[in-house]
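Presented sequentially are two complexes of subunit A, the first with subunit B as partner and the second with subunit C.
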Partner chain A sequence: MSLGKEMGTQAGEKGGRMLSLSVDGKSVQVREGAFVLEAARAAGVEIPTLCHHPALEPYGGCRLCLVDVTRPEWGGWCKLVIACQFPAEEGLLVHTATERVVETRRVVLDLLLARCPETPLVQELARRHGIEQTSYVANPEPTDCILCALCTRVCDHLGISAIATVNRGIGREVAPPWGEAPPDCIGCLACAEICPTSCIPYETSEGSRTIWGKTFEMLRCTRCGRAHVTVAEADFFAGRGGVPRSYFELCDACKRKEMAATFVKLSRGAAGFSVGA
Partner chain B sequence: MEMIYKVSIERCIGCGKCELACAFAHGSEGSPAKTRINIFHRGPEVGTPVVCFQCGDAACAAICPTHAIVRNERTGAFEVDEGRCILCRMCIPACPFGNMLWDDAYHRVAKCDLCGGDPKCVPFCPTGALVYVPAAEAKRRPEPLVREAV
Partner chain C sequence: MRIESEQAFQRFVAQARKRSSARSREVLVCCGTGCLANGSAKVAEALAAELAKRGSDVPVATFTKRTGCHGFCERGPLVVLQPQGVLYTRVKPRDAAEIVEKSVIGGEVISRLVYKDPASGQRIPGYAEVPFYQRQTRVAMRNIGRIDPADIEDAVAHGAYAGLAKALFTMTPEQVIEEIEVAGLRGRGGAGFPTARKWRSCRAAAGDRKFVVCNGDEGDPGAFKDRSIMEGDPHSVIEGMVIGAYAVGAHEGFIYVRDEYPLAVVHLTLALEQARARGLLGANILGTGFDFDIRISRGGGAFVCGESSALMRSREGKVGEPRAKYVHATERGLFDLPTVLNNVETWADVGAILARGGAWFASMGTAKSKGTKAFSLVGKVKNTGLIELPMGTTLREIIYGIGGGVLGDRPFKAVQTGGPSGGCVPESLLDLPVDYEKLTEAGSMMGSGGMIVMDDRTCMVEVARYFLQFLTEESCGKCIPCREGLHQMLAIFEDLVAGRGKSGDIEKIERLARGMQLGSLCELGKSAPNPVLSTLRYFRSEYEAHIERRACPAGICRELTAYEIVETACNGCHACFKVCPVGAITGKIKELHVIHHDTCISCGACFDVCPTQAIRTFPKKELAERGVA
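Right after this comes the complex of A and B.
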């Protein structure tokens, strides 16, 4: 089992040149290859995001993290960029709360509220930016999906890619291929767990689990019979990182019990030591 | 990693104080069910505490698809970076010893992180079954407990 560290987008990881930049007047250092969002967070400047996740590649979907960037030699010219995908540069001056940034972010939130007028997360975020009601026509078919694509990206990241965004424009949505039960889905629920508005429905019980219209058989602990993961999950993850399929046979509680028994046995074997009853 | 968290089942009286200390240290419930150290009772006043070994080659960290379980070089403990965790929970069945747990109250995976180098269970153990000692000292066999004296 080796720990591959191929994910290189996080601030503060070892190696690489360090860059100095300024965020709202605070100077901050980040590793080369980091994005402006990381620099801002390292400087303690809060930037709202909906589609960002530290473990996933930046996506630039929600457009909420936009900031103004400029350089001293640009003679006062500046540009609006999204912080999550704009690479940090040496000497870059980042402004996160200029009138232009605040106003543009309000438009983005106003539009998002028009799409999702009944979603508490969007309502709360809009309210914090001074928007009580959308100034556009509210979606007559309200949805909770903000199209942040965290679900599809986490599925891609796991190497499964059972779901994707489909269609374009107002018809865009997250769905399995052809809207049918996705053949590649393993029922891990990572999509439902990562969804910031909890809008991916699923059902899970001792007997079975259903998500995206696909029902999964649960793997039962061979000792106590408790269902702990889906069979498809165990099959998919077995072998990863050198973890054998046999590790999935017992549930965690039974494994602890077995471990306790092993300790007692080993201790009894040690000469001159008593472990009691 | 100068200090070693050492468990001596020979000295455990199964009082459950470590479980309670753990539950309080990691959440507000203080329910023994929320603990990351689990005692198995094998008779009256004899217990076997089972807790994460902080493996040299840890299955939980190896299977984690987002590298959210990382060893803290200072303490030697594997810690869960909750910001990176995607809650796929694969670390739970991957641990061959059952020491990766699901914390339903806080909706997160949970494991012993040695409380960042100050394990809160240790001062609550009345018999020294749990100690946090320098590595050289940890090698020594534990003294058997004189149970009548407790």
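Right after this comes the complex of A and C.
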């Protein structure tokens, strides 16, 4: 990354053609198929995002990554797009801080702060853009949910789809179907862990875990006895054939210990085989 | 019987025409949704029964035909007698016997049922002479009201599928696209995108599997042009789609119809079956080797589901929410395959263009907006209904020429065009020629072709609030500027109409509007500020009055308006006394009436009924000065 300025930096999918573009005057190379956001990050230009996650499909809900793009042949005309979803193109000129980008981003953050006046992540982001207090009517029932939909999208991505966004407009929220304990939920906590404001409540106690109003029986590590995964999660992933059910016998910590022990044994046993530098 | 050659098609047309002219007398009964709601099915039954009963007396074969919407919904149920072309309005089932006796058998015109022109006060018996029809030019709606939508032969006798035959038998797909280009056809669903360019890009897209889709979602409240076309002439939509599919190389099509349009689904389904049976749809169309079929897809009905990316998502069985369209649908649309999506009216234009030539279509309209356009004319106008006119017709001609002027001859204030996210155009622009560019320049848009006429009893701040409310409920909520922005904008407007406006509100509105226009994901959010910005542009002083003087100049906003009776004008007719819902008016017949401010809720009911215009509004805050609580 430090060589970026001289050599151009690289981002994007493996394989494919390399594209050269410029982000705020910095030239950068990305692989075909990459988005402008990746190009900007590779060029070291910061663009705020809330609903973006590299492992998930672009969503385009938070609108914070707005940028202006143009091409020399467009005669000065610029197009306002979102960086997370606009494909990088050869010769594209990206401007991340034009007057209208900065101003629109400010309006969006002002609105978000009105929705989530007490959420540290939102307060901090707004402050960095010069907003201390919302100019709109602050939500009388403050929420930490920014509706980025990362939770529902990661759940979809895993092929579970236990939760979804429901209702239109200002009444939109994330909920299990019919507001009841979601039948498809496996208690894997992917939603709670991906949530940027940690606003999905759950509880893991001795032997059981509760999330979305559903309580799960836990599987204990056969070595240390810690309750490390829900039975439903082990069944789901084993049932899908990606891993054997035995994979879940040990918790992650014990698995690492076991692996380390194997390496040590190997390095002692096999001549010419050593671990580490 | 399937038609498998050009000769066979010509024979079919000739036979259909012959059958049609054999029915020398037709009684056309409008069975569009509007007339059905007014009881036209009963009228059709009564007429048919009466004709059957008098079978032997009727000198020539007479046939009752249920047609689609004639457009003049205000006057329904409508009955037209052919070949005389007599139009009867507001017909009741009990008029059936008289119509058959006097008009069908006797050839007389029943003056009571004839349309009375509100402008001249004259009775106009001829369908074609009624100004509402006379001033129209119908292309997309060419056969609505003329054909029985449930009878493909009747449609063919009136020219249906002639454009398709010409395209398939004599033209290459490229030539078809060129013809559409010459016509200058642009999308009728709102944005006005050039149809030929869309088709060409889809034709050029890689892959063998492509889709042709018809957008029949029509989510605008009050709009009904697409419904009327699908109900009244489903074949025009099917014909257009087959031609489009041939042009782009697609073999699968969908018509997306909202759930609230059951009659459209029935008529489309029937039309699809009949077209298939005749070889006008399905495998080996007209024996040319071209395969294409259409399925109907029913939609959940949210306004945003009409947006192209949301519509395709919902057709894929996913949540019907918009997504960014940086890759065109013509390359990656439905199921990520090349897709052409056009509006119902756009499709309905296609067959006529092919049959009569692109140059004919382009001879109507303005420099950049060619052909004709359908509008639904509603609100405070004498003649409401569905109309189709050449692009470039002025607002004045539409509202005064066809619409007959403002209801009750009140002063005209504005016309709202383009549906809920359109804008309001003021009186000073009445001579504006209506086309895509001119409406956009005026701060409004073509949108779905809705036109709501407003009189002087309209508060423009309240109008903006009303549309904001609709859009707030229809925003899907996916993106922040639209979801939160509309919510906050509505809050500001609720304060304005309640007299809680603050200085600085106008600037706040403008800043928020710009943020929503630039920041929102889809056109719903981007265009949502239109009603706000257009009213602010033309009626800024009304905003200022609400904020600075706590007054509603139009005398509408309840919290700001009080009512009183002008002593010299009241004739004591007692009408206001009867309508006041809270008993705030006292007075005896033929004596002066009085409104009691302590009970009056400022609903304005008295104002609307007073025959002598003796009711006056004034700013509520003056009540305090008068020493009234």
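Here is the rule we go by: the second predicted complex is superposed on the first by the 227 of 277 C-alpha atoms of A that agree within 3 Å, B and C clash if a C-alpha of one lies under 4 Å from a C-alpha of the other, contacts with A are read in each partner's own complex, and residues count from 1 in each chain.
Definition applied: contacts are C-beta pairs under 8 Å (C-beta built on N, C-alpha and C of every residue); 3 or more make two chains touch, one makes a residue touch a chain.
Here the structure is a predicted model, which means the values were calculated and not measured.
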Partner chain(s) touched by A:228 [first = subunit B, second = subunit C, both, neither]: first
Partner chain in contact with A:147 - subunit B first, subunit C second, else both or neither: second
Touched partner set for A:252, first subunit B, second subunit C, both or neither: first
Which superposed partner A:95 touches (first subunit B, second subunit C, both, neither): neither
Touch count on subunit A, higher of subunit B and subunit C: B
Partner chain in contact with A:26 - subunit B first, subunit C second, else both or neither: neither
Partner chain in contact with A:170 - subunit B first, subunit C second, else both or neither: second
Touching partner for A:85 - first (subunit B), second (subunit C), both, neither: second
Residues of subunit B that touch subunit A when the two form their complex: 9-10, 38, 40, 42-46, 48, 50, 57-59, 61-68, 81, 83-90, 92-102, 141, 144, 147
In the complex with subunit C, residue positions of subunit A that touch it: 58, 60-63, 66, 80-82, 85-87, 100, 103-108, 111-112, 114-115, 135-137, 147, 149, 164-165, 167-172
Subunit C residues touching subunit A - in the complex, by the definition given at the top: 302, 304, 319, 323-324, 326-327, 472-481, 483-488, 491, 508, 511-512, 514-516, 518-521
Subunit A - residues contacting subunit B, complex: 1-5, 7, 53-56, 154, 157-159, 188-190, 193-194, 228-229, 233-234, 237, 240-243, 247-248, 250-261, 263-264, 267, 270, 273-277
